[in-house]
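Letters are used for the chains, namely A, B, C and D, taken in the order the chains are written, and counting of residues starts over at 1 for each.
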Amino acid sequence: MPVVARRLEDALTAVTDGCVLAVPRENSGVAMAATRALIRRGIKKLHLIALPTSSLQADLLIGAGCVATIETSAVGLGEFGLAPRFTAAVTAGALTVKDATCPALHAAFQAAEKGMPFIPLRGLIGSDILKYRDDWRVIDNPFGDNDPIVLLPAIKPEVALFHAPMADRAGNVWIGRQRELATMAHASAKTIATVEKLHDGNLLDDPVLAAGTLPGFYIEAVAVAPRGAWPLPLPDHYPADGAHLTEYATLAATTDGFATYLDKFVHDRHAA
Amino acid sequence: MPVVARRLEDALTAVTDGCVLAVPRENSGVAMAATRALIRRGIKKLHLIALPTSSLQADLLIGAGCVATIETSAVGLGEFGLAPRFTAAVTAGALTVKDATCPALHAAFQAAEKGMPFIPLRGLIGSDILKYRDDWRVIDNPFGDNDPIVLLPAIKPEVALFHAPMADRAGNVWIGRQRELATMAHASAKTIATVEKLHDGNLLDDPVLAAGTLPGFYIEAVAVAPRGAWPLPLPDHYPADGAHLTEYATLAATTDGFATYLDKFVHDRHAA
Amino acid sequence: MLEFRDEELLASVIADMIGDVRHVAVGNASPIPATAALLARERGKGRPYVSLLQSRKHNFFTDGGRELFDCAGQGRIDVFFLSGGQIDGEGNINLVSVGDRAKPRMRFPGSFGSAYLYFVVPKVILFRTEHSRRTLVPRVDFVSAPGTSPPNVYRTGGPMALVTSLCVFAFDAARKRFRLQSVHPSHTVDEVVGNTGFDFDMVKDVPITPLPSADSLHLMRGVVANELAEVYPQFASRIFGVPSPAKRRQSGSP
Amino acid sequence: MLEFRDEELLASVIADMIGDVRHVAVGNASPIPATAALLARERGKGRPYVSLLQSRKHNFFTDGGRELFDCAGQGRIDVFFLSGGQIDGEGNINLVSVGDRAKPRMRFPGSFGSAYLYFVVPKVILFRTEHSRRTLVPRVDFVSAPGTSPPNVYRTGGPMALVTSLCVFAFDAARKRFRLQSVHPSHTVDEVVGNTGFDFDMVKDVPITPLPSADSLHLMRGVVANELAEVYPQFASRIFGVPSPAKRRQSGSP
């Protein structure tokens, strides 16, 4: 049964050093407050899997030295430019990047969701993405004739972590249109969600709310973290904090500036 | 752009003789009013694909001589017993049945949804279902070692047909938790939905309703058909009409009784 | 000695088989397995989680009809119930047809999810009240799902037992055979042998099926019966005397 | 002669390329392609359907982040836009890195969906305003997605053209080469040749890129600019003088 944790930190115990951690794309509900809590705890050697891309979350974790490997289709700050700590780590050869393409990550999570060992995907053939992925295979389509097709192994993370608008006390989490969060939870052994608020009553009792609800059955722990995606957006709730992201991009351009950012916005508990 | 048809019959023009028609299971929103309209029109030689099972809908269409082939995991009337016309047609050798298993149909529709030529599925090996499906293949899992696994070809119906609680004038259809209806629409070339009522405004404008909405982009035509799933249930709206289904099971046990049923409940326009 | 109904005995036996697991799912039209699952939950103080697929209220699925199967594929369903128009001595089940497949003598509805769930749910309990040579056959005419698989075939689940109106058979996957585990009170081994079409293993002194405890009967007739009445009102009324509910209000609609 | 901005010319050129199709999708941070798509829609009286992926309002997706790719895989996206940190003369694009991959000189964000969409969207328009030997190279250092594929590789899509700040290249998949289709007004063929790192085909008299019509400019500056302002307020303000909207009210939340 899911635990509704009193403290954010208590909800995060399943995220351990070396953990295979799945996180959503920048506009699907990123658990930024939880991410800052993990950095404060000093988490190490994460194997981060972005579904299918990441922005500030990955850059912060990489800059803070928490990540050994990242599997992703992209890490960038969008209109705020490149992700400076990601870029610095890669050009320094200090980070293992498993480059993918968005639909491959979606499909590989769906394979795990369905208990399938692999899933096929069109495209990819002739790309260097495929060339460098020795965990992917090309077979001749058994239904075709001389028709090569890529097979991707299922991705089964140990923990999925995201932020959503609300949960109820049974641990049901309302995710709305962000269906990839359901797939992420189904594919992962454990799922932790932070939410803006608790909903009174059971989300599954109302057919309209139920349609956008990830059942508590899949949830390990929930914690309330108001504005928990900040400075990233929470769809339909608040936009990205552009001024803050601009400040981040500027500070994180240097290691000293990044340290200043961590001090000010991560390690200072009042700011987090 | 989807058409909101004035008459039910006008919405059904894409369902032609010989059409590969996908329909949902008995408790997901079966377009029974539309089914009766198709029988009245005298539709022939349907290739019916149930996602993943069917009940009264398939039995009526089979009894009325509209079906050449059915692909399904089951046809039955549940607590009301066997499906009499299906059973009679099969024991007479008058119907081609492609027996499947529920997750195979779900997976094969998802393959089409994802533009994949095939999808793997565990299980099945050693079953006579697999034995009689010469369109399925067994390969050795390229990620395993002497690990046979079944591959199912994608199912791409020409038309999907279902009933839902409501639609708006842009053709967006609210399907709630019945996510297989979205997959069915994504997999099919054209989708026709009947609905209880029209919703004022755009379903996509409200994040809560949007979470349960199939976008009009996938919809060919919508028609309003109040109680359009009757006598089958519409989840969260009305239950099955048990008395009627009992009457059906009794009448449909004989060809004469079935003809009486058709006269009374299908060909009599007032009853339909 | 306590008075009890056959249905109560069967539910009690099945509840014992469920054991300490996380999640039991019960398919449509299965009031006795549903009773057993709810009884197990009451005895386990809320564990296992019980999904009654027939009920909107008693299952959590919000991802469409596929979620049950996906959930099982993820290893998140520990116990499920299957039946068969025919069941044979190797645990094969037939939900399709009797006789020649092209033009069968009998046609059942179809295999539903059995050809998958039988492979991936660790404890599948076969449940068929009719115990006869018509249902329990030497060899099924159509294998909807096989009882066992070669060692190289991916299989994390399979049959653990077969419960009928006469007895309980335990299944031994290594031997590919059932073993008569117990005979229900007021029935005999001879009756079982005479009505079973397949060979099975048997010890010399076959025990009587354990009777439901007073505590189990109390739970079944109280909280379990009330929960059941939501989904199986006629069964709950007939077996446990729960008053038939007034036609329930439709739940909220958008 | 009409006055127009460079952005208006590029959007007009791209709108012409889109042609009569059903569905154009535009990725993030692509105001000029978005302008083109919306212009095409206005000129087509509502056709094509335009999805702006950056906007909650201007796309219909309700099945999560996968729906864009699933939709493309279904053949339901006719036109898409891609770019590249590097683009080479065979239409290969690089969104990953420059230099040795293990320790690259430059790292871009990553390939996003390009390695799939480039294969399955019939008309992919490459758009890169910076026209230099740094961006348009003889051979990309990393192939995020190849411009062409062998005949046996499943491919229903690929590049149709490359639009830059200087010119329009058409892509010929059979020849695996770009052809200089037109040079924008106030630029020259020599300028194009001098700033392009790859070889390309060229006729003797390269035409000037067709100028936006008065009607297109009218539409862009009117209805299109207003639609754009929802998604790209700064762009709409800078190019079309749409007043910056007040901070918009958050849409309803549950």
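Here is the rule we use: a residue touches a chain if its C-beta (ideal position, glycine included) is under 8 Å from a C-beta of that chain, and two chains touch if they have at least 3 such contacts.
Since the model is a prediction, treat every value here as computed from it, not as a measurement.
Taking the mean Cα position of each chain as its centre, C sits at the greatest distance from chain D. When the interfaces A-C and A-D are ranked by how many C-beta pairs touch across them, A-D comes first.
Averaging C-alpha coordinates per chain places the centre of chain C 58 Å away from that of chain D. Taking each chain's centre as the mean of its C-alpha atoms, chain B lies 40 Å from chain D.
Distance between chain centres (mean CA atoms), chain A to chain D: 28 Å.
Across the assembly, chain C contributes 61-63, 66, 69-70, 73, 120, 154, 251-254 as residues in contact with two or more other chains.
In chain A, the residues that reach two or more other chains under the touch definition are 103, 107, 110, 114-117, 121-122, 147, 149, 176-177, 182, 207-212, 235-236. The list of touching chain pairs reads A-B, A-C, A-D, B-C, B-D. Across the interface of their complex, chain C is touched by residues 24-25, 28, 51-53, 72-76, 78-79, 82-83, 86-87, 90-93, 99-104, 106-107, 110, 121-132, 146-149, 165-166, 174, 176-183, 209, 212, 235-239 of chain B. Those residues of chain A that touch chain B in the shared complex are 103, 107, 110, 114-122, 137, 139, 141-144, 147, 149, 151, 153, 175-177, 207-212, 235-236. Those residues of chain C that touch chain B in the shared complex are 28-29, 56, 61-67, 69-70, 73, 95-97, 101-120, 142-146, 149-150, 152-154, 250-254. On chain B, the positions that touch chain D within their shared complex are 1, 112-117, 172, 182, 186-187, 204-208, 210-211, 213-217. On the side of chain C, the complex with chain A involves touching residues 23, 46, 49, 60-63, 66, 69-76, 120, 154, 251-254.
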